[in-house]
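Okay, handing you the structure first.
Per-chain numbering from 1; labels A, B, C, D, E and F assigned in written order.
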Amino acid sequence: MDLILSLAAQNLISPIILFFVLGFAAAFARSDLSVPEAVAKGMSLYLLFAIGFKGGASVAANGIDQTLIFSILAGVILSFVLPFIAFVLLRVMTGLTAIDAAAVAAHYGSISIVTFVAASSVLQTAGLVSEGYMVAVAAAMEAPAILAALWLVARADAKAGQGGGMDAGLLREILLNGSIVLLIGSFIIGGITGQEGLEKIASFIVSPFQGVLCLFLLDMGLVAGRGLRDARHLLKPGLFAFGVLMPLIGSCLGFGAGLLLGLSTGGVMLMMTLSASASYIAVPAAMRVALPEANPSIYLTLSLGITFPFNLTLGIPIYLALARAATGG
Amino acid sequence: METHKAKRVEITIEAVMETRLTDALVKAGVTGFTILPVLGGSGRSGQWSREGQVSRAGGMINVACIIRPEKLEALLKAAFTVVERHIGVVSVTDCEVLRAERF
Amino acid sequence: METHKAKRVEITIEAVMETRLTDALVKAGVTGFTILPVLGGSGRSGQWSREGQVSRAGGMINVACIIRPEKLEALLKAAFTVVERHIGVVSVTDCEVLRAERF
Amino acid sequence: METHKAKRVEITIEAVMETRLTDALVKAGVTGFTILPVLGGSGRSGQWSREGQVSRAGGMINVACIIRPEKLEALLKAAFTVVERHIGVVSVTDCEVLRAERF
Amino acid sequence: MDLILSLAAQNLISPIILFFVLGFAAAFARSDLSVPEAVAKGMSLYLLFAIGFKGGASVAANGIDQTLIFSILAGVILSFVLPFIAFVLLRVMTGLTAIDAAAVAAHYGSISIVTFVAASSVLQTAGLVSEGYMVAVAAAMEAPAILAALWLVARADAKAGQGGGMDAGLLREILLNGSIVLLIGSFIIGGITGQEGLEKIASFIVSPFQGVLCLFLLDMGLVAGRGLRDARHLLKPGLFAFGVLMPLIGSCLGFGAGLLLGLSTGGVMLMMTLSASASYIAVPAAMRVALPEANPSIYLTLSLGITFPFNLTLGIPIYLALARAATGG
Amino acid sequence: MDLILSLAAQNLISPIILFFVLGFAAAFARSDLSVPEAVAKGMSLYLLFAIGFKGGASVAANGIDQTLIFSILAGVILSFVLPFIAFVLLRVMTGLTAIDAAAVAAHYGSISIVTFVAASSVLQTAGLVSEGYMVAVAAAMEAPAILAALWLVARADAKAGQGGGMDAGLLREILLNGSIVLLIGSFIIGGITGQEGLEKIASFIVSPFQGVLCLFLLDMGLVAGRGLRDARHLLKPGLFAFGVLMPLIGSCLGFGAGLLLGLSTGGVMLMMTLSASASYIAVPAAMRVALPEANPSIYLTLSLGITFPFNLTLGIPIYLALARAATGG
């Protein structure tokens, strides 16, 4: 417990957290500070490019083994199973309709790549390494949750399925969405070009990485703060509790999976983080197409306004402490 | 200069629905359209702005089509099928165009 | 398809006045509006362009509201109070809308 | 509030032609215009989008002018000279404006 | 004098000045060279982020003393007093109306953060250090000038006050404008995380800084050149003279304040630069809201087209030479 | 031949090529991966800024000699002559109208600065240096081809000339287009500030260069892929063959010029690359103004969809191998 507290405290005064807090506070104070949409997208491309490439280069350095395939499989299963847990919890804890609950559930089965990046950077500061292919696991966990949620809706309410739901176009959009393609593409290119490739572009993707992450989290803070400010009336205690409880539950499943797979300390911690995190890019877009009746304010506020800050500040140090305790890392 | 009567249809719709809408328009015989970016807005589903956004989920676009009056009904039907379950606005204005052979 | 008569009001105004204008519109009973970015323009106060600008001071935006005809007078009054001392343009067009219950 | 009849002309034209068009408009006595960015579109020359583009060659812009009705003919002539050999669309709508002394 | 000339010459052939000149020349030649708005805003966020953070980290390294508070106080007073001087000069030297004169005066009381950044980078090249908290002084000097100007208008012309002027919304906009929030926020975060935080992101905010500044000044040159080209008919000799004289007067007051406060050579020079510089972001926006009758072409052309280039090319070396002569630095 | 193959293979697995391929593939798979326009423009400004500055600094380090002037002259002549060859080939090999053929020909006389940048980066990897002023040659080769093409049109079809063609405005637009101004401006500034200036901004323009180039080529791949996908029906075998043959012919002329001028191995290779490459920024814009009747899909698809990828993947290693064989470099 002490360890967790001290880790949390240390985590809380890292620049990336503080810039997130700055953005959050600025949004609540109604400052007009803002990051242009194109710059925010550019930074997100950069982060995906860098994290994918570094993952691939690290796999190239350490070789591939069977664990890769099992880890990806575990990720897919987690992503598919977590929405069911989330759905039941939401129906019990909150007054959400089946459609709203399913839409929220999809977000919690899927993952947030920035949370993953933040966790990786905490690992790095702690001097821990992790399996490079966790990037591929992250990519694999994006989509299954969406299918689970649509299945939940179809079951709960046959009517809501008509005229919408999953079609071939949507499936392609989900599987080939820009973030996944760039992440996996960079991962593969990093794997092909290996350390030699990494050296060529290290002063672009390694050294300035932390700084870009700070600016990006400033923007995340602004967007999350603005969303929370405008939608705080939605945040009934039940919803709020879900936003904190669900990542903890997710991380437990990720913890189990990580230990079963025999991952390193860092790997277990990242698996926990992935399971605990909630999507705020890919899944919202898919939900607007497939379940337009679901209220976007609910899922965005929960995912971006509650769970993301929770993971960033408290979750990540907790997951790290647990992973360390269990693996002796 | 000689101008010809036409209809201008403007559809404000979520960005994620862009290709679905334009595909439907093309199927309905629309020969051209122009897409304008939207910075933000407000409606029954609340206020929103594109600032700092990374996701396409939150944004909207504005699709403007100029068509011959006789094509209006087909266009509105096509647009309505896409817009039906979604947030967004469809408006029609009378206008005059140069070079009517283009429409 | 059934359409309903409505008015489309477009207000081109300085970006710094955005919230003041939209607050006034909401107070005047407007239920929705869409904000489009403006690249540049020209008027009595000269020509301008957004290229390379950092400040919000120089830019303008375009606020479009579709409303029921009976709300026009209230909207124009509200808009005028904000626009009065500022540069900018207010225009009104007749239009038809789908799903009139939304306005 | 008192409004006055005016014409709203919208010209969608290639970005490379921007200054040629606005120069022609100014020569034709137009006192103001507003330029909106265009994200993409489709027409007889195919579909296009600004995403990831570096060149100005592929993009279009939207120039909107509000003018007194009596200036319409001169404006259309001026616009037509520029648009003639180029792709693009010119449309005219009736509108009402506040502060007519500005036009 | 020789020293000033040689410093000026050396300053003039630094990349940052030359890129400004390039932009200026390109604008006058009507080249279509341009920097997208989002990129320009992104660079300005970067500069504020970097300069704030470095200031804070430097305060963390050197400790805070009383001078900080007195320096901020001095800044506030200077920012409030300078508009009165500017107003009188403008009414005497030029034919501007009271409203136009007050609007221009507000710009000269306030500061230009890019001029500050350029001065800091000249200091660095000269191997001089300065008080890290000068960043906070810069932030404190943004707003008071606006109040002074509005007071001037209210006094000069009761009528102009009706329907506009200062209201609660505007006050919040001025005090919480994005630039100030980011600058002060980064300053505080730099102060909290200190050298350790700085090391983490140094390869983002320290090493590439000069290069980004070059590109940013290219854009400033383009914008300033375009503005000057379009509004050169406004530039009566009186106005032009004011645009050069006022920064010199401002710098003298800053000089006095710096010496009184006992600042370092670098600190005195930065205080001079702040007092000499004229706002071109925060104040124009505030003026459009509060004094829409004032002609923006006048204040933007003066501030961006005359005073900014003057400070960048001749002012800064002069201020440095004087600060050196007086402090023996 | 073996050398070429091994060079090509080595070239093909470099990160920059692989990211181009990733973008290309993503576009064909209809992924929604995209780079915001402002970010793409920002990166292109960065590349021009960096390549120009480094060229100038290198000239400052090595001194100017007569070859500079002769090289620029050679570039101008090549740029003017190549369109005639291209025009004849197109009329023989394809069914293009005179106007379409002339428009395409203009692109092949002019140059692609990204191809030039990619070739420079291959040179650097190969440990070869080149004449810094090749940047100036590149700039000089942009415009003459346009004049040649307009002359071709005027000759082929007097009627097409009326109402359009070259006017003073267009000439200024071509000669002062943003890319040229930034490239030449940075080149001159690099020359003035020399190694000292370069050192100041090296961690902005040297170390991260390769990484930015990767991201930029990802975007180029997306744009080229999308263009090719939408316009593949235009790609008759004759056109396709032209898109591969013409760069080879161009490179031969560049090869001859390079040897005649007595350039270094790297210089010869860059001269070949410039002659082989086809414009996709400056010339398309000029053609839209001067020859609006020419179909932009044809010239953009050829230049960006065929010739650019060909040069990037196979052309550059071939040119390097030939230049090495001939100069013994």
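Rule of thumb we're sticking to: a contact is a pair of C-beta atoms (placed from the backbone, for glycine too) under 8 Å apart; a residue touches a chain by one contact, two chains touch by 3 or more.
Keep in mind that what you see is a predicted model, and the values were worked out from it rather than measured.
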item	value
Neighbouring chains common to chain B and chain C, by label	D
Interface composition of copies chain C and chain D: same or different, split at half	different
Longest centre-to-centre distance from chain C, chain (CA-based)	F
Label of the chain whose CA centroid is most distant from the centroid of chain A	D
Distance from the mean Cα position of chain F to that of chain D, given in whole angstrom	34
Whole-Å gap separating chain B and chain D, where each centre is the average of the chain's CA atoms	18
Separation of mean Cα positions, chain E and chain D [Å, integer]	38
Sequence positions of chain A contacting 2 or more other chains	32, 34-39, 41-42, 203, 208
For chain D, residues contacting two or more additional chains	36-37, 56, 93-94
Interchain pairs in contact, sorted by label	A-B, A-E, A-F, B-C, B-D, C-D, C-E, D-F, E-F
Chain D contact footprint on chain C (complex, rising order)	12, 36-44, 60, 62, 73, 76-77, 79-80, 83, 89-94
Footprint of chain E on chain C - complex, ascending	14, 16-17, 19-20, 45-47, 49-58, 84-87
Chain C residues touching chain B - in the complex, by the definition given at the top	1, 3, 6, 8, 22, 26, 31-37, 61, 66, 93-99, 102
Contact set on chain A toward chain E in their complex	13-15, 18-19, 22, 25-26, 29-39, 42, 125, 203, 207-212, 214-215, 218
Chain F-touching residues of chain A, taken from the complex the two chains share	36-39, 41-42, 45-46, 49, 53, 172-173, 176-178, 181-182, 185-186, 189, 192-193, 197, 200-201, 203-205, 208
